[in-house]
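What follows is a pair of complexes built around subunit A, which joins subunit B in one and subunit C in the other.
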Partner chain A sequence: MNLDLVAQLAISGFVIGSLYALLGVSFGLVYQTSKIFHLAGAIPLAAAGYGAVWSAKTLHFPIWLSLLFGLAVSVLIGALILLLGYLPLIERKASLLSLFLVSLGLSVAFPSLLQIIFGVNNLPLEVYGSDGALKVPFENPVYQSGFLTITRLSIVQLIVSWVLVLIVLFIINKTALGRSVTALRTNPAMASAVGIDSRVVYLVIFSLSSLLMGVAGLLVTTQFVANPTMGLQWTLIGFIAVFFGGITSLGGSALGGLVLGLLSSLSGIWLGSQYAPIVVFTILFLTLLVRPQGLFGKATI
Partner chain B sequence: MKNQNVKRKLLAASLASGLVVASLVGTASTSANAATTTCISKIMGPGGKAAGQGVTINAGMLLAMTGGGSFFGDVMSKGAKLAAEQIKNAGGFNYKIQIADHKNGDVPTALTEVKRMVSQGKIKVLQTSYGAPSEAIAPIVAANKVLTINGGGSSPGQLKKDFLWQNRMLFGDDPTAGALAWIKKKFPTAKKLAIIGTQENGVGAQTTVAPEAWKKLGGTVVASESHDVGATDFTSLASKIKASGADAIITYSFGNDVGYQVKALRQANITAPIMGIEFTANAQEIAGDSFDTFNFATDFYNVANPNPWNKCFVKEYRAKYGEDPEYYGSNYYEQVFIYWELVKRVIAKGGNPNDSAQLQAELKKNPTFNSVYGGDAKKIGQATFVVKDHSISKPMGVFSVKNGKPVLAQGIVKVAASANPNTALK
Partner chain C sequence: MVLITLGVSLNLLLGLVGRVSMAQSILFGVGAFTAARLALPTRTPDMADNVSGIGYGLNQPWYIAIAGAVVVTFIAALIISIPAVRIIRGEYLILLTLAFQLGGQQTMVVAKSVTGGAYGVAGIPSIKIGNIDFSGYTDRGTLNIAIFMAIVTLFVIVIAQGIANSPFGRILKTIREQASVVSSIGKSPVAPEMLTFGITAAIAGGIGAVFALSQGAIIPGNFNLDLSILIVSVVVLGGTGNVLGTIFGAIILGTLEPILRAVLGDSGIIWRSVIYGSALILMTFIRPNGFLPEGVKFKPFSKSKNEIVALTQSEAIKRLARTKGLTQSTSEEVLELKVLKKSFGGLTAVNGASFSIPRGKITALIGPNGAGKTTIFNMVTGTYKADSGQVFLRGKEITGLSEIEIAKSGIARSFQDVRLCEKMTALDNVAVAVPDQLGEKLLNLVIKPRASRLREKEVRERAFECLAVLGVSDKADQLVSDLSYGDQKLVAIARLLATDCEVLLLDEPTSGVDPSNVEGVIEGVMKLREIGCTVCLIEHSVYFIEKLADRAVFLDQGVVLAEGSVENLMSNKELSDLYFGG
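Moving on, here comes the complex of A and B:
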């Protein structure tokens, strides 16, 4: 066995797994609070990328401001999805299936909307330099040690993803907001009785989830491009990470994402790249067969 | 009563205003169309009844309009729409286009859409794309006699099928010998080849054509990797290619996948030359500077070709869409003119231009057509269908990307599988 190859695949797995962890936590936040399969989380992810690209090219924002603008757009859109899409249905006691269908419809329609507004072409993130010409804002050198390589933006992805995951875990486990989320999840009626406003909690959680999706969208856009279908693909992975890691545990969702990334990468030692999705889904199926609560989730009675 | 009179007056005023506006718009568009008519009329001859004026052909287009391949659907439909407009304004037929989306190559969707266009849309001709959907619809177009041409994902599985023709050299298979011979000529020390591809198209090239051609050139295949269409993470694939020690790479991937792939290969510090089978602006946006080391072998469409028809095409395409055409757009543009030529031939013989069996019969009798490929400043190029298997013979080339633009490095030709690949170099 080529140990260099194993080590490089492990590095690649950690890098992609960090993004999966971020996505898993984002979805886990929404699911644990509201039980909504938030497929429409794809929208803030894509919106952040397009927001950054558009503001840099059209409004001539410097890179830091265009990134903030992208994040602001993703949070705003996430809040609007809740306020205009989900909340009216929740208040009418709609079923979870209805909420899922709304989410699905939005996630399918949004890429077409992006195509209509921005066209079908990929859009790179470029900013205006001092000479007035558009240029790529980040250098992305490759660091090499023997056989092993990693790029600067991959390192940024690792650090940013895990810092955010840890911050979210702290918020949920150690703050009043986290206690409100737990209360709302376990007994909504009691939570309301003690004065927890579910609408406010939902708004904060959806905004936080959208912020995480927005960061994921910006990480993808800065390394590659913004394109209309960029949201849905990552969204599905986020879902898998949540169920794989444990729907009752945000930390589990994060670790589930990491394990997913490692598995899909390391499976390349024995199998062709086209089999990675089969490997991932097979392991997910087997895991849920043995542990329906996921790898790190708690069994409920 | 008074209210009714007011309403009648308002309605009359609205109608009158609408008529005035419509006539102004009509005048404006007629003026704008005058330039188009002159450009094509000079090249293709006068319009009129013999040219199909007054004849409506219901045409279908089966394209990737959504999903990761929407770039292809966009440029293909642009080419066809421009052609339809030019021909109608030049006094030719009315080519009425219906576009169906196969959702980036989904076969069940393609089958449903084609059946719908045939039964409800009453299409007589079809411009199709991608390999798998086009192979799947072959029985439908044959049974319903819908003359179909594929200018995108041509594949061996589509050959010798009644009513199905290719106006693009076979994806992967046809340019491979010349592409590998060029690599060997430019990088004589390269001996170890890595092959990358998908299961959607170019499978034969990946598994048979490339290994055999490379062996004849004195090399060995050290890695062969496939991936799902639409993949974005190629870091694992790049690691395996690197571990194989390949000093040359050929990829049969297409669309956005190429951009992600080339970027991952270069970020893994793989310096081996990479040869692809197509170039798209979208892939280039993804790969960024990494694409400046990319080479590709495909039909030799050249925007700057001084062929008079190509000049007309490029000028009108730029005016209408604000961008240059590329080979996919040009293939689907040409297809409409192929149909027009066939309609003219059928009319000349007193036949029914809406009978695709008659159109195909004319194609088989004389398979040579005008082309925006080839030619020179004084004459239009020509492309000839191969009647035996329904493929086409067109100029091909190896291109290298320099400063973001493809530059012709070598002309190549299709050669037999048993031939020495070096004979593919012009």
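Moving on, here comes the complex of A and C:
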């Protein structure tokens, strides 16, 4: 076995795993609070990418502003999905199945709307320079040490993802908001009795989750491109990270994402990268078979 | 047509069990490629190694190809569902099928030796019956395929209807609406659910095979996630649990594409997703049950009425008492609890409770809220695992057995809420609890149809008797949602009776029942004693307890404070102070 190769794959595993962890925490937030299989989480992700690309290109925003704009769009859309889509149904005590169906409907319609508005092509993030010419927003130099390489944007991804993951974990585990979330999750009736407004908690959670999705969307867009269907595969990864890590803890979701990224990357030692989705599915299947509660979950089920 | 059949097959799963599969499309594809490989001619030496698109296979006739596809997809589906049903949570099935769909799409592109990679396989021989043309390349053949598909679709619809109206379907509906009940009456929800998923998949696989044989060429791109979502939409739009609705939904969504294409040109295809996506959302809000909800049926599909002759309450009691084969006089202790303990986190709910329940008597568990009464029920029935302590049934230890095993050994329980399936009739709700039903095993319906039908008649008779004992047999054919709450409670008790269990645990049988109906419930519970059942109930109404119970066990803060005859306990000043808050 080639040790250099293993080390290189481990590095890219960490990089992609940190994105997976971010996605896992984003979905873990929603799923733990509301039990909604929030497939429509793909929407804020794509919205952030498109928001940034569009504002840079059409409004000639500088790069930092277009990134912020993208995030704002994703948070706004995430909150709207909750307010117009889920909340009315939750208040009618609709089943989780119908919530999922709404989510499914949204995630079918939205990418097509993007296609209708922005066309079917991949859109790279480009900004106008001071000379008025379109250019790539970030230099992305490659750092090299011996055989190992890593790009600057990968380092950014590592840092941004983990800082955000830690902040969210801190909020959920240590603050009043986090306690309201726990209360709402474990006993909604009691939570409302002690004055926790479930709508406010849901709104905060969905906004926070959409923010994370938006960041993920920007990370993807800056390194690759934005395209209409970009959301779904990442959404699924997020969900797999949650169930793989264990639905009972957010930290588990983050670690689940990281381990998933590492494993799928390291599988490249034996298999080509086109096998990655298959590897991910197999890992998920085997984990649930042996440990239904997930890798880091408590056996409460 | 393909869409109708796929829709009908998913409707089995979504409509009957309330589970969503996002992998219908890939299973359809698995069937298609299996059939293609079975049907393609064997490789001959003069064939070039890698002629693009032309494959070779096992040279089997078309019917073997279809059968092979059905078997392969059935097995594939069972394997995928193993982790999902072990946890009995719908989200896991969504997750696994979604992941399988996406992983499978990739596999199809990668597994070149089977699927021919992204370009797929071509040259698949068409179906041949005599010399009728079934090739998709000619007009005549296309028409014949349509006719063939219509027959297949009809066949699938008949199977789906048969399943829905069988005892097997009855269990599935109960799983969908009240999953917790299924194991409490001693039946496993796992096998029926897996089997239904398997059948749903197998039908998709079979249709995939027909698709491959009629198209002659298939590519992995045919079997994408969009198709899976489309199939789910068809079922949801049409109305889950209603076959006609599904057909309707399939026709509408199926004709949408050509219309849009005609009006908008090539961009029409994009609009289709927008339209059915929004339709999905709107439907969930406006008509959550679809265009044609479950229960809306047309004459030919409606079930024949009950031919069970009415019988009087006393007759029913006699019949059931005989089958129970119990004498009422024995005063042996049937159920014995020894130092049971259970805590939740820091809260100790039950702290070393010991008492026993004599045979053929009605024992009431009383005590203030939070005394641990329901927790004790949950430990006896195996819903919770006791932290320590033991439970004995007829002298045999049952601690640590699963809910299903305990129910089978003779303890059934009701819940504070009734947990009936509202869209089913009272009779069906009771019938589901009758043990040893042949027709609950799908295989029996196929290989022993007569015996299954006979047994089903007995089952329905038994269910009717149970309803008669509780005095609600006149409501046997009504939907539970149309019954008063008091009657629903009685139906729930009848369901307990139908389990043939000796010990019946009733959790607050009169809570929420309006005063005019309370008498009916009291009567009903007394009838249980008459039959020879041992009853243990949790009750707050002192009136009820004094009228009914032979013995009472007073609990507070997880320990037994006193037990004995009801009069003794009620005359104890200390206890009544505690109970009524002094």
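Quick note on the criterion: the second predicted complex is superposed on the first by the 300 of 301 C-alpha atoms of A that agree within 3 Å, B and C clash if a C-alpha of one lies under 4 Å from a C-alpha of the other, contacts with A are read in each partner's own complex, and residues count from 1 in each chain.
Definition applied: a contact is a pair of C-beta atoms (placed from the backbone, for glycine too) under 8 Å apart; a residue touches a chain by one contact, two chains touch by 3 or more.
Keep in mind it's a predicted model, so treat the numbers as computed, not measured.
Overlay on subunit A: subunit B and subunit C clash in the combined arrangement. Touch criterion met: A:Asn121 reaches subunit B, while subunit C stays clear of it. In the superposition on chain A, A:Val136 makes contact with subunit B only, not with subunit C. Within the superposed three-chain model, A:Asn227 lies in touch with subunit B and out of touch with subunit C [touch as defined at top].
Contacts of A:Ala109 after superposition on the shared chain: subunit C is touched, whereas subunit B is not. When the shared chain is aligned, subunit C comes close enough to touch A:Leu101, but subunit B does not. Once the two complexes are overlaid on the shared chain, A:Ile81 sits clear of subunit B and of subunit C alike. In the superposed model, A:Gln8 makes contact with subunit B only, not with subunit C. Once the two complexes are laid over each other on the shared chain, residue contacts for A:Ser265 go to subunit B alone; subunit C is not touched. By the touch criterion defined above, A:Gln274 lies against subunit B and subunit C together after alignment on the C-alpha atoms of chain A. After superposition on chain A, the subunit C segment that clashes with subunit B is 135-143; the remaining candidates among 135-143, 369-377 or 441-449 show no clashing C-alpha atoms. Contacts of subunit A with subunit B, set against its contacts with subunit C after fitting on chain A, overlap at residues 111-112, 115, 120, 233, 274, 277.
Residue ranges of subunit C in contact with subunit A, taken from their complex: 18, 20, 80, 82-84, 86-87, 89-92, 94-96, 98-100, 102-107, 109-110, 225-226, 229, 232-233, 236, 267, 270-274, 276-281, 284-285, 288. The part of subunit A that touches subunit B in the complex is made up of residues 2, 4-5, 8-9, 12-13, 15-16, 111-112, 115, 119-124, 136, 140, 142, 144, 147, 149, 151, 224-225, 227-229, 233, 264-265, 268, 272-274, 276-277.
Of all residues in subunit A, those touching subunit C in their complex are 35, 37, 85, 88-89, 94-98, 100-102, 104-113, 115-116, 120, 232-233, 236, 239-240, 243, 274-275, 277-278, 280-282, 284-285, 288-289, 292, 301. Contact residues on subunit B toward subunit A in their complex (touch as defined above): 66-68, 70-71, 73-74, 198-199, 225-228, 230-237, 239-240, 242-243, 256, 259-260, 263, 267-269, 281-282, 285-286, 288-289.
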